[in-house]
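What follows is a set of structures for review.
Shared chain: chain A. Partners: chain B in the first complex, chain C in the second.
Up next is the complex of A and B:
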């Protein structure tokens, strides 16, 4: 299966690579089938008659342009200065010029100009406008599924154009005409049907958590609980379902449980909201974004919790930090009756929502946790900032808290910490190569190529400082790196969670 | 819809070669998928595949990798109870590749 896929060579001098036009035109993820599409309210497939699809695309585009002013500004404002062109990890790794952010935007901008601007209606050729054809739509499907919505390019754009928002609009338009992507849409169906992206039913979750209690007891001699659906708990932990299933994710889940145990704060997971991830954002669909988020509110109201804490999941933290307030009433902004009920229920002396790293760091600062740092001495650690945390959210009370707090935790629980080079971390971090709904096997070639800049930076600190552990706080990053690290010659276990390191070092019971 | 042909009978699969109807699975189908995956099935492989199917019967999902390693270690010997052993058997990842051979649906999400 994967044996044909190899890693591209590291660049000797990391400058703009030579162009390979069309090299990724064949990168096409599986299309969602009718059942998957219809289960989440989209047409099952493209209309048989092209004109019908054509008109529907233009109508949907018009609707989005009137609804999202930002989209119109982004499509109007670009002056083709080229500042973004070499900032995308997929462009760097694939060398396909259509993966330059400006070119990706132009796939839609050319249609926008043709149908929504006067010069484009009158003199299309002069202004780079083109007719919408089936070929254009196929090109959208391919290249908008080569954008992980990481927003690195927007950091460098003098106008602040956010390519991710254009990608999201494209995915929304494609879904609305029956041209959805299987990976994301199948998962959204599972969230509604079973409660999480993985499709993990309640009894299996319960069994897994019981097993973890046994494991931790065996390792430490201490009864650390992994509570599920406990009414009246103080904290509801919302975490990606991969934390219940995959390696190394599960080691961070153990870390959260140990922190809660040491803190004495009662907590619970919810079988109804056993998923932090919200792929509604990836596909740019507000209704799904909200519907998926509402599960969290329902669980919080039912369990009567006072606080909501979010586990290590990048895009979930963006949704929680930036959108939960108006979507469901965690934070101020929503004013429907249930949002008000939740506002009144939550303890507003605490941040709502709170990231697990904020929870842990707060305890550390108050002297509530103690560590045996030597337990992590086998690791020389670096930190990979996850894009949605880095560029779309914050933690703590100070600007840049989303960068400092995870690093501060690592430095508290371990002795050896090394930064990767400047322009690959913090707000300029490179995507892991698997975000935005692209973490699917048929896109492995794209994922491997997209990981190139991160792998180069990791290789550098591995060579110079012997780094052997890259910590991160995102389930997608963890899964993606586990898969691609070996293709670049690293051990898959080089990647792990921040709370995995916490788990290794935390002292339980003998503070 | 794609399909595979084993022993003169046709089995429906998805685009990635996962069996659509898991009730249709039998060891011959498992062997066939394994061959496609370039996995040489030994008794050790079958121990894992059979455990996966038992677990699925009870919980309607494949077990977490950690649950799998623990169970295999308990059942078949401590030296088999680690994830490296499972990766050696199923190089593309025990969760996905072993599930595919066992005729179970693919685990989705950030895994």
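Up next is the complex of A and C:
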């Protein structure tokens, strides 16, 4: 990076900024090289002949239109009402009009109209249709890599149009013609080769876990175990690999282990499925999404576990909660042999899969855990809802449980809790700015700008209530905030996990 | 003119019916492989029906998004509904009693419809963001709707049309028994514009009307852990 990346100023009145067309046109993540592309079954690079690429793009678009109702309906239904236009954190932070959700959709809609609708074929100018050119494809690459697939726009659209679906389709098309993004595709390659996004091999994982056992023993005097690949354990914990060594993620992992310890439920991690994250979703590729998830199915069958619990990770929870039953049969209610095989093994008296927050909250309600709340008194805490948890999943039995349960846990383990402004939380929460496969250094400028609305809301409660800890349940949020908080003048340790707070306060051993 | 307009109406009504049916069939046929309701979402089908009802009658999401747009489109759509009800008197003989009752409301609705449309257009022209995303067809659509409303109101307030004649023309069309249309410029214009609206419906953003019912983020129940949801092409991968 030539210039140092700085934070944009807070908006004095948080209204919509004036447009700055083209201001982010230069935001272009690294392109995946041939090896990375081919490793996961995509063409290595764009064809030399443009016509070939052109035809392949249109053909792929046609295929996706026949496979995804979302894409088909969303490309037709938009009335350009503009309700979504000011809802995207990237638009607010960058002021680039192409980051308005509707404008982002129109990058593809213009092509859809030209090649798939009558008016677009007859009167392209009139309906905003245009020919597919190399410039258009480059524009897709830039701006579809400025969408974190956070779904905030879909909350406000009168037809529920979810720009994330369009972004995923665009990334799928780009991959299919050899124009993939390095960060996401390299990570997917690592999952298949090594088992997790960070490329942490089995023996290293084992060492790390042993080290953690020693640390916790030193800290608390208690033998809290971090079991790996234990056949016959009750619970298989699937957690983002960042939990194994990144800060502050690891503190939450310690929290999960302490909760399992206190609960007396036997549990295990898996070296084969040492990753909850699933970047197959980010690139909109069903086959990859399924293939990555299959590792979890295999591990569950092999270890013979009864329950599957998922650690703190936003998009991973979306995939687990909303997609696992579809992809790999983790869930209930199946009537096909493929899924029944697994569902017969799982204990369906429990939710499958279960979020670690559901697990902990359930125990708390049954009186199974006790806490020393004062241990968290140094923190004045707020909660950042992660987009995929908030708008694409649920916890507990009631809609909105994904908002209540983490907050309930925090209030149980700590005394000081403050909410941020209410148009920035719950279903209206702002993305951290690093989701959707954008958590890469070359996009730091975009990430910093995208964090603006969240940083404003955090600043407000910091000023008014002295908030010094923002809890969240997402590995990407944690990594992103650790990086951007200092740029906005906060301490990087302001962000942390919910189970980090649990870990601080949980009483072990004296029961 | 009578023959021309009659043929035009037959044609545009056919295009509308066939076009929209084909679109609906295509939406229905296209699988939705993954559950993607925007949460918090209802967990039962009954809940989904209620959510959809709130969405199409109260514009719930739009309300959350922007009060001005919500107000303008609410005024426009509600007025449009009343105006359409008022127009039912030309299509029914004897006129249904509730249609008769709604007549005066339908009249005021004609005026408020113009207001709503003007509000929407003003937003499109004066709000920088919305001007940016507007295509010529977005403006034309508003122009078309406004002209339909204006030509209709014109016949009520300035140059009265022989509405008995209009009614017999319309009933005649419906019974395939042609009756002469009163010669009246405003009426010709009004009918021409309406016919073109019907014609472009299946090819334009007016598809938002059927589309909303097929939007997976709004019409799916949030029950992925309880039920296995599998699209046919996705099931093939398990083979």
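Keep this in mind: the second predicted complex is superposed on the first by the 501 of 511 C-alpha atoms of A that agree within 3 Å, B and C clash if a C-alpha of one lies under 4 Å from a C-alpha of the other, contacts with A are read in each partner's own complex, and residues count from 1 in each chain.
One rule holds for everything that comes next: a contact is a pair of C-beta atoms (placed from the backbone, for glycine too) under 8 Å apart; a residue touches a chain by one contact, two chains touch by 3 or more.
From a predicted model like this one, the values you see are computed outputs, not experimental measurements.
Room for both chain B and chain C is found when the two structures are superposed via chain A, with no clash between them.
Within the superposed three-chain model, A:106 lies in touch with chain C and out of touch with chain B [touch as defined at top]. More residues of chain A lie in contact with C than with the other chain of the pair chain B and chain C. Shared-chain residue A:66: touches chain C; no touch with chain B.
Within the superposed three-chain model, A:420 lies out of touch with both chain B and chain C [touch as defined at top].
Look at A:32: by the touch rule set out above, it reaches neither chain B nor chain C. Vertex at chain A: the C-alpha centres of chain B and chain C lie 150° apart in angle, rounded to steps of 10.
In the superposition on chain A, contact is made by A:211 with chain B only, not with chain C. Look at A:300: by the touch rule set out above, it reaches neither chain B nor chain C. Of the two partner chains placed by the overlay, only chain B lies in contact with A:242; chain C stays clear of it. In the superposed model, A:259 lies in contact with neither chain B nor chain C.
Of all C-alpha pairs spanning chain B and chain C in the superposed arrangement, the closest lie 24 Å apart. Comparing the two interfaces of chain A, the one with chain B and the one with chain C have no residue in common. The touching residues of chain B, when paired with chain A in their complex, are 15-16, 37-38, 59-61, 63-67, 70, 83, 87, 92-93, 95-97, 105, 107-111. Chain A contributes residues 1-3, 30, 182-183, 186-187, 190, 196-201, 203-204, 207-208, 211-212, 215, 240-242, 244-247, 249-250, 275, 277, 313, 439, 441-442, 475-476, 478-479, 483, 492 to its touches with chain B in the complex. The touching residues of chain A, when paired with chain C in their complex, are 16, 18-19, 21, 65-70, 72-74, 76-87, 97, 100, 102-103, 106, 117-119, 125-128, 151, 154-162, 165, 286-287, 290, 321-326, 329, 331-336, 338-339, 351-353, 390-394, 399-400, 402-403, 427-428. In the complex of the two chains, the chain C residues touching chain A come out as 23, 26-27, 30-36, 38-43, 55, 59, 61-62, 64-66, 69, 73, 123, 127-130, 132-138, 140, 200, 203-205, 207-208, 211-212, 214-218, 222, 224-231, 233-235, 237-238.
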